[in-house]
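You will see chain A twice below: alongside chain B first, and alongside chain C after that.
Now for the complex of A and B:
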C-alpha cells in the first residue's frame, strides 16, 4: 500500500510538471502578448503609441526574454506559491484566485455530490425495474439532459428561477448579501443560488452516471454469485445492496477523477452565463486579455484538481476491490 | 401437530410443470408432470442431456427460476426432520417464507465454483452471512461456525481461509467452500447442480468423495444433477432420467445400469465409453438426432423420432403410459413387457 501510494504521488508530480509546461506553451502560442493589448487599449483612448513604447512594456514585464527563461521564472515562483502578477487586475495572481477558488470548489463539489446522490439510486432503480415506466422516464430525462447544451439550460433555468421563484438572476448571492459578512441568512441565500449552477453543471453528468450505474447493476444481476447468494436465503434488498450494487460502485468510482474534470472544465462558460463570481469567468477573461500568469495559474490549478480527482478514484478503487489490492 | 412417519420423503415433487413466458404472451412448457420423491439421507441423481430440463427443475425447487420462468402446476412438498413442512410451489419466489427455506432447509451448489462467490467479499464473509441471515447469531459466532465448516470440507487452515478472497482459491477449493456455505445451516436437502462439471477429473473425484462422506455424516439427502453416468454410478442411490422435460424412467441405481427399461436410457448407456472397448471391438453408439427444441416438441412420446423401437403411429400420437414394478418406473409403450 505504501509503495502504491508513493508511486502514485511520484506520477502525480511528474504529470503536474508536464502540465505546467504544456499550459505555459499553450498560453504563449496565442498571437500577440499583453504589451500589445496595453498598447491597443491606450490607442483606443486616442494616445499615440510607438513601437518603442510597446517594447518598453515588454521589457518591464519580462516578455522580451526567451520563453524557456519566462517558464523557468514562473515555475520556480509557482513552486514557492508565487504565481506571478496579474496585469489586468494589478494584483498578485495568488490573491485574485484565492478570492474565487473556494466558490469554484464549492460549486464543483456540490455538483459532484448532486450527481452521485441522484444518479446512483435512480440507476439502481432503473436496473432492477428494467423496462418499467420509471426506467423509461429516467432514460428520457437523462437523454434530454445529455442533449441540451449547458448554457441553454442555464438561461432557461435562470428565466424560470426569476419568473417563478423571484430569485435574482445570476451570481451566487442576492444583491443585499453580495458584500455582507457570512451569516446564516447569507449561507441560505448562497445555497439557494447554488441550485441553478449545480443543476446546469450536473445534469449531463447525472444522466451519464445513471446510464452507467444501470448498466453496471444489470451486468451484475445476471452473475452466478448473485444466484448463489440468493440460494442462501438473502432477502432481495440485502442481496441487491450487498452484491450487485457494491460491485457496480467500482466502475462508478473509477470515473470519479474525470467527472471532476468535466465539472470544472464545463464551469467557465456556465459561470460566464450565470455571472458566477468564481474562477470560471476569471479564466475566460484572463485568456482573452493574454493575462498569462493568471491564465497559466488557473490552468495549472484545474489540472491539479483533475490529478487529485484521479488519485482519489484510484484510491477508492483500491479500497473497493480486493483484486486490485492483491496485485 | 402431526408427527410425520419416519419414512416420509424429505422432498416430494408431484406433477411439476414449469413454463416459459414468451414475449408474445404464450406459456411454453419446459417441464411437464415431473414427479419424484427423495427419501431422508438418499442420493437421487437427476440425469439427462443439456436442455432436458434438469437444471430448471432444480432451480424451481428453491423458487430460483428466472423472471420469465414460472411454476405453472404441481406441488413441491418439503418435509424436514424438525417437523417443518411447506409446499414450496405455493410460497412464491419472494418473501420470508421461501427465504427461510433457502440456505437453511435446502442448500444448493452450482456448476461454476469460479463464479459462485463474489470476487470482492472474503470467503468468510460470504459463508458466515448465511448463518446471520437465518439464525440469531452474532458475527463472531457465525465466523467461528464458518471456520468449523471450512475445516469439515477439507480446507487447510480454515481460520486463515476466512479472510481470503475467492481469487486466492483454486477451483476445487472454491467448490469446497461453496459446499461449506450450502451446508452451514444444516439443510435436510442439498441440491447439487453439476457440481463437478467445471473441475478436472482428480479434483472431481475428491469433491464427489467429500459429498458422499458429508452426506453419510450429516444424514442429509442430495439431489444430484448430472449428465455423467459415471458419477451416477458412484454417487446415486436412485436415478431419475429426464428427457425433453419429462422424467421417462426412474429406478434404484443398480436397475438403471442392469435393466434399463426405456429405450432412451439404454441409448444413453450405449453412448458411454468403457475401458477396453477398443480391444473388444465395441464402438460408442451416439444417439441419432438431438433433444427436441422446446418450442417444437414432437407429439406423443417425445423420444419417438429418435427411438429404435417406436411403435408407429401409436408412439407419435399418444403419450405413453407409465408402468411401475416395485421402485422401477418407466414411461414407454414397451414398459409393461420390459419390466415384467
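Now for the complex of A and C:
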C-alpha cells in the first residue's frame, strides 16, 4: 500500500511539473512580452515611454533572464500562490482567481455528485430491465445528451427560463442576494441557480456513465456466482445490491478522475455562456484579451484539480478492489 | 455452421445472390453485420444527406450565403404551407407574405405573416448564377419563389438567409472534422504503431504521455492554443491551424487501440513468417499488421469524428475557432451568443440542430461499425 501510494505521489508530482511547464510555455507564447504591454498601457495614458523604460521594466520583472530562470521564478511564485500580475484586472492574478475559484469548485463537485447520483440507479435499472421501455428511453436520452454541445444546451435552457419562468437564469445569485452576506435564504437562492449549470455540465457525463454502468452490471448478471446466490434464496433486491452492483461499481469509480477532467474541461464555456461569476468567463476573457498570466495560472489550476481527482479515484479503486493492492 | 447462419441479416435480403458466409470475404461479412444495425443504417442515410448538402450547397440553397434581404431583417422562419387560412388545400406549397409591424412595447420592428399575400414555392427555379462543383455554370436552384422571397429558417440581424448559410456551412464543419480525423488517424496509427511494435521503454514513454494528455482538461488547453493564433492570419491559415489543433484532440484513443492490437498480434505466426522472408519493420507493420486490425481503427475514427466536430463548434461559437468569411455551424452560432440575441431571434440556434443531428448520425454509425468490426462475435 505504501509503495503504491508513493508511486502514485511521485507520478503526480511529475505530471504537475509537466503541466506547469505547459502553462509557462503558453504564457510565453503570447506575442509581445509583458514589459511591452505595460509600456503600451502607459503610453495610452499619454506618458512618454522610451526604450530604456521598457528595458527597466523588463529587468525589474526578470524578463531579460534566460527562459529556465524565468520558469523557475514563475514556478516558485506559483507554489506560493503568486501567479504574476493581471494587466486586464490591474490586480495580482492570485487574488482575482481566489475570489472565483470556490464557485468553480462548488459547480464541479455538485456536477459530479449529480452525475453519479443519477446515473448509477438508472444504469442498474436499464441493465435489470433490459430492452424495456425505460431502458430504451434512457438510452435515447443518453444519445441526445452526448450529442448536444454544452453551450447549446445552456443557451436553450437560458432561453426557456427567460421565456417561460421570467427568471434571470444567468449568474448564480438573484440581484437582491448578489452582495448580501451568506444567509439561509441566500443559500437556497444559490442552490436554485446551481441547477442549470449542473444540468448542462452533467448531461453528457451522465449519459456516458449510464451506459458504462449498464454494461458493467450486465456483464456481472450472467456470472455463475449470481446464479449461486439466487439459488441459495437471496431476495432479488438484496442479491442485486450485494453482488453484481458492488462489482460493477469498480470500473465506475476508476473513471472518476476522467469524469472530473471532463467536467473541468467543459466548465469554462458553460460559465461563459451562463455568465456565472466563476472562473469560466475569467478564463475566456483572459484568452480573448491575451492576458496570459491569468490564463496560464487558470490552466495550471484546472490541471491541478484533475490531477488530484485522478489520484483520489485511484485511491478509491484500491479501497474498493483488494486485488489491485496485491499487484 | 450455426454461428455463420446466425450472421444472415435476413432470409429474403439475399434472394438473388446466394448467401454464402463460408465464401464471403471479411469485408462482406462486416457489411452484412452492419446492415442488421438499423440505427446505423439511419445514421448512414443522414450522412448521405449531409454529403449531398456539401456537394450541392449552391443548388439546394435558394440564395447565395452572402446575399442580404433588406426587407426581411431578423425575420422569423417562414413555414411552407399547403393548407391556407380558409382550409383550402393547395397542391403547390406556398408561404405567406410578410409585413413589418412595430412592437408597441419594445418599439422594435418585427415581421409578421401577411395572410393576404401568398407566394407559391416553385422547384428548380432560375436564380443567382453560380458554378456547380466550381466548374459547370448554371442558375438552377432547388426551390425558390417568383414573387417575394422564402426564408425557411428566417434571417439574421443583417438580413442574411439562415437556411442558405446553414447549408453552406455544412462544408466547413464536416470538412474540418474530416481533415482533423484523418490527421489524428495518421498520428494515432504512427505513434501507437511505434509503441506497440517496439515495446520496452519507448512503449512505456508513449503510454505515460498518453496517460498524461488524458489526465489534463484538454479543452482549456486547446482554447489557449487557439487564442494564441495571430488574429491577422487569413481564413485559410486559420482553418489549417484550427484543424491541426483539433487533430491533437483525437489521436490518443487511436494510438491506444493500435498499440493493444499490435501487442496482441505481433507474435502471431504470420508476422514471424514475414520477418523470416526478410520484410523490413515498416513493411510488416504496413502490409501485415495494420490490415489485420484496420476495422477497429475505423471504429475509433468514427468515434473521434463527433468529438472533433463538437470541439470545432465550441471553439467557433466562442470566437476562438473559425471566423468569417469561413462559415461553419459554430461560426453561425456565434451570432446566438448573447441572451438578448436569442430572445429576439431564437431561430439563430437552428444551426445547432444540425450539429446535434450530425453527431447523432456519427454515433449511430460508430455503434454499427463497432458491432461489425468483429463479424464473428455473436451479440
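Note that the second predicted complex is superposed on the first by the 286 of 327 C-alpha atoms of A that agree within 3 Å, B and C clash if a C-alpha of one lies under 4 Å from a C-alpha of the other, contacts with A are read in each partner's own complex, and residues count from 1 in each chain.
The rule we apply is simple: a contact is a pair of C-beta atoms (placed from the backbone, for glycine too) under 8 Å apart; a residue touches a chain by one contact, two chains touch by 3 or more.
This structure is a prediction, so every number in the text was calculated from the model and none was measured.
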With the two complexes overlaid on their shared chain, look at chain A and say whether chain B and chain C clash or fit. fit
Taking the superposition as given, does A:140 touch the first partner, chain B, the second, chain C, both, or neither? neither
Roughly how many degrees, to the nearest 10, is the angle at chain A when you join its Cα centre to the Cα centres of chain B and chain C? 80
Which touches a greater number of chain A residues, chain B or chain C? C
After fitting on chain A, the minimum C-alpha spacing between chain B and chain C in angstrom comes out at 10
Per the contact definition, I'd like the list of chain B residues that touch chain A in the complex. 62, 64, 94, 99-104, 107-108, 110, 112, 115-122, 126, 129-130, 133-134, 165, 167-168, 178, 181-182
Under the touch definition given earlier, write down the residues of chain A that touch chain C in their complex. 15, 18-19, 22, 26, 29-31, 143-144, 146-152, 155-156, 158-159, 162-163, 170, 257-258, 261-262, 264-266, 268-269, 272-273, 283-284, 287-288, 290, 295-296, 298-299, 302-303, 306-307, 310
What residues of chain A sit close enough to touch chain B in their complex? 223-225, 227-236, 238, 242-243, 246-247, 250, 320-323, 326
What residues on chain C touch chain A, complex-wise? 212, 214-221, 223-225, 227-228, 230, 306, 310, 313-314, 317-320, 333, 336-337, 339, 342-343, 346, 349, 352, 355-356, 359-360, 363-364
